[in-house]
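The following pair of complexes shares a single chain, chain A, combined with chain B in the former and chain C in the latter.
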Partner chain A sequence: MTTTAIGTHLLTHRYGSHAALSDLTLDIREGEIFGLLGHNGAGKTTTVSVLTTLLRPSEGTATVAGYDVKREPRKVRAAIGYLPENVTFYNDLTTAENLSFFAELSGLRKPGARISEVLEFVGFTGHDRERVGTFSKGMRQRVGLAQALLHRPEVLFLDEPTSGLDPEGVRALRELIVRINDEWGTTIFMNTHLLSEVTKTCTSIGILRSGRLVHHGSLADTVGAFPTDDALERAYFASAESDAA
Partner chain B sequence: MSGVLTAARHELLTSARAKSPYMLVAAFLGMVAASTFIGWRTTVTVSAIYDRVVADGLTTQPNPFTDVSALYYVRNTVIYVLLIGSLMAAALGVQSALRDRKASTAALVLTRPVSERAVRAGRLLGIGAILAILVVVTSVVTWVSVGAIVGHALTATQTLEVASFGALTWVLLMGFAAVGVASGMVFPRERTALLAPVVLWAVIAFVIPQLGTAARPVSLLNPVPLPAQGSGAFGWLSQIMAPFSITEHFKTASAALLESPYTGSAVASAAVVALFTLIALAAALVVRAARIEGGSHE
Partner chain C sequence: MSELMTLARKELLDVRRDRVVWIVMAALGIAIVLSVVVASLDFRAQMADYNAYVAQVKASGSGVTPQAPQLFPLQLLRGGMEYVEVLGALFAVVLGYGSVAKERARGTVDLLLTRARSGMSILGGKLLGLGIVWAVVSLALVVVSLASVAVIGAAHIGLHEVARMLLAGAAAWVYVMFWTAIALALTTVTKHSTPALFGLLVAWLVVVLIIPQIGDTMDPDNQVPGGLFNALAIAKPDEQAVLAHFTSFESGRNALEVSSVSKLYERVTFALLGIKNTYTGQSLAFVWDGTFRNIYGAVGATLAAFALAIGAGRRVHTLRRSA
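Right after this comes the complex of A and B.
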């Protein structure tokens, strides 16, 4: 019997009078890889920002790893790893120096061994003394994933993790995400607008449209409802059409 | 506490890798060298003229530089600290505050289990360490260069006065660095963040002293503090504006430390400078950051 890793109830966030996220109710179980799909501006990043304590919810409740994001933000932060979209890091510092800073902020003392372990896990050994400013987008994403894993988070948030990567980079990162989940049992919450990413990586999905969740279910159930090659695409647009109706 | 120290170490490391601190060192050392050179050149020139005038039998007055303090040569440094040092410290603060935005790492820092204020306090501590190193280096250069000009080592009292002037300089620079940090937090655009401390500095260095003294702007570039007007509108304006004339207070306290003439209380002036820095530090710690990638809601 698994427990809830991420739970929200009628979660709402407004920027002024504009509701970027409305009445989101979710139950993501421990060990899942959850993919939040949606068009640009659907509210995916706002959702992650609220769940990672960067934004305060306007209404509703949310718990991550059993902690309330409003009342226990620091405990939430201790339990999560986060890889935002387009992170570039401190260009003048080396990989090890960048990771050391984030590890120490996470409470790790003398994090050298853990940094080596995580860099090996993400397949990025041999670059620890190189300056991050010289890295490609794909290399930075690996460093980004490493920083998110340093403190062994229970829940990992990834915001458009494959954005801007070449096909090889996309596949490598996808394999890494599955390995993190398989080997460490980390619950993963992934934002994306790429249906193919969800099909190949996630165990459950949610579809967000204009700030509202229009579909939530396991990948198998969703795809099962549309038994064709383009099942998820059909599910996505069917959700959108039913929402519009 | 560990979050504060981690952020302080990070500030030192990132600043050491960037170019700005080296430019700051070069500018400060250049200022000190220029200051002592100008003082020395002035003495040599005036003394040469004096010797000629005495030879021509035109005066029996003593050489005006005969009894001048060795610290006279440091006097111009006061104005360089106010003109260049303050602005550079503010720029250092702005760069520190904007670093996470430029590197898109604000969200990474804000999702760590440390308070945003602890990280900010650490960054200020790191800036304080950088400025302290700069002030120590320039004080040593001052001590050596003035000693070389006057032909003997400075006395223990004069050494202490140079060190005290360095400490006062550090306090003022920390104030402007904190103003820079606060500006960087409030204004997400780099140009605006850099411009705001410059405007504040101009108001403190020029507008406020003028309101209380009717001084010409060029006279405000003199290291000698301006005497306040005792009567009329400028009299009461001077009283109202006195606490805000931070640069004039810095000049007064510096003049006392560098054995130069001044009016008013040097201790009170030093206290005003310290109070300015404390207020600026508090503002840098409590000001709410503009939302770029989302601010911590803690």
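Right after this comes the complex of A and C.
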């Protein structure tokens, strides 16, 4: 019997009078890899921002790793790892200096050994003394994933993690995501607009359209409803059409 | 505290790797050295004039020898302290602004906010880090100033001068930290960095240049180069008797001047180093009696700026790219 890793109830966030996210109710269990699909501007990043305590919800409730995002934001932050879309670091600092900084902010004392461990895990050893400003997008993404894993988070949030990566980079990152979930049991919440990413990595999905959740279920159930090669694509557009109707 | 130290250490590392910061600080040091060179040359010219005059007096057979110009070593730093007042404030604005604006441009705030306790601790860490940077720079400027006076000015530097210079260094730290904190606060609370920089430069112009200039222009003694009363050979008691008729005007002028933190800093430093005639050769107790209100004012303004900067941490979300 698994427990809820991320739970939301009628979660709403407004920018002024515009509701970017409306009445989101979700239940993501521990150990799942959840993919949140949606078109550009659907509210995916807003959802992640609220769940990572970057934005305060306008209405509704949300818990992450058992902590309320409104009332216990510091406990939420201690329990999560976060890889933003287009992750950026302090370019004049080396990989080790950047990671050491974020590790110490997470309360890790003498994080050297842990930094080596995560760099090895993400396949980025040998670059720890190089300045991050010299890295390609794919390399920065690996450093980003390393920083998100430093403090052994219970829940990992990835915002469009494969955006801007070449096909090899996409495959390598996808494999890493699955390994993190397999080996460390980390619950993963991933935003994407790439259906293929979800098919290859996620165990459950949600489809967001204009700030509203129009579908939520296991990947197997979703794909099962459309037993063709392009099952998820059909499911996605079917959700969109039913929402429009 | 450890979170603040972590944030401060990152700030120090960032500044240490920034070549522009090194160039700017070196420029400040060079400006001080050059000002001592100019002041020393000026003093040597005065001595040469004096010696020539004495030679003429002796040649004329007169037994009266006028008093030689006195060298109070720290007075050679007048120009250097003015550079700190004007350029130091400008560099402090640039450093504080850059610290926040770079965070906004790089988009690193999201990562910070999912780790740090609060936006206030992020700003507190920046303030602490930049405070350490300025403490090191202030100390370096004290060393450069004393070395310049000793080597270029060929003046004797004793414990007395070192103590006064250290106090002037502390005053410089309080002053530049005021500007650093104001820059941190304003850049954080504005949605975009460019208007913040514009606002800061306007504030610098008004507080550092315009207000002190108006105050100086309104000073009756400044109407003639070298001093009106001095030019008219009016004795000090008579000068004070004349000025007693202008107390309201003088109060207004003083109120205008003390509204500028730059003027407060200038008054304290000029008194400490004996640059202002009233304080030349006087004890520190005398300096304290004459300037403690200015010291309270400068320290109070800087503490208020610290509070503003840390309070601006509540608005740190404005630094997010999506904000």
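The rule we apply is simple: the second predicted complex is superposed on the first by the 245 of 245 C-alpha atoms of A that agree within 3 Å, B and C clash if a C-alpha of one lies under 4 Å from a C-alpha of the other, contacts with A are read in each partner's own complex, and residues count from 1 in each chain.
The criterion applied here is as follows: a contact is a pair of C-beta atoms (placed from the backbone, for glycine too) under 8 Å apart; a residue touches a chain by one contact, two chains touch by 3 or more.
All of these numbers come straight from a predicted model, not from anything done at the bench.
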Practice item. Label the relationship between chain B and chain C on chain A in the superposed model as either fit or clash. Key: clash
Check your understanding: Just chain B (first), just chain C (second), both, or neither: which does A:Lys110 touch?
Key -> neither
Check your understanding: So, A:Arg129: does it touch chain B (first), chain C (second), both, or neither?
Key -> neither
Review point. Touch check for A:Phe101: first (chain B), second (chain C), both, or neither?
Key: both
Exercise for review: May I ask you to decide whether A:Lys75 touches chain B, chain C, both, or neither, giving the answer as first, second, both or neither?
Suggested key: first
Check your understanding: Is A:His18 touching the first partner chain B, the second partner chain C, both, or neither of them?
Key -> neither
**Study point:** Touching partner for A:Leu54 - first (chain B), second (chain C), both, neither
**Key:** both
Review point. Do any residues of chain A touch both chain B and chain C, and if so, which are they?
Key: 49, 52-55, 74, 77, 80, 82, 84, 86-93, 97, 101-102, 104-106, 147
Study note, to complete from the structure: In the complex, the residues of chain A that touch chain B are 49, 52-56, 73-75, 77-78, 80, 82, 84, 86-93, 97, 101-102, 104-107, 109, 147
Check your understanding: Where on chain A is chain C touching in the complex?
Key -> 45, 49, 52-55, 74, 77, 80, 82, 84, 86-93, 97, 101-102, 104-106, 147
Check your understanding: How about chain B: which of its residues touch chain A in the complex?
Key -> 2-3, 6-7, 10, 13-14, 17-18, 99, 103-105, 107-115, 119, 293-298
Study note, to complete from the structure: Touching chain A in the complex, chain C uses residues 2-3, 6-7, 9-10, 13-14, 17-18, 106-108, 110-117, 317, 320, 322
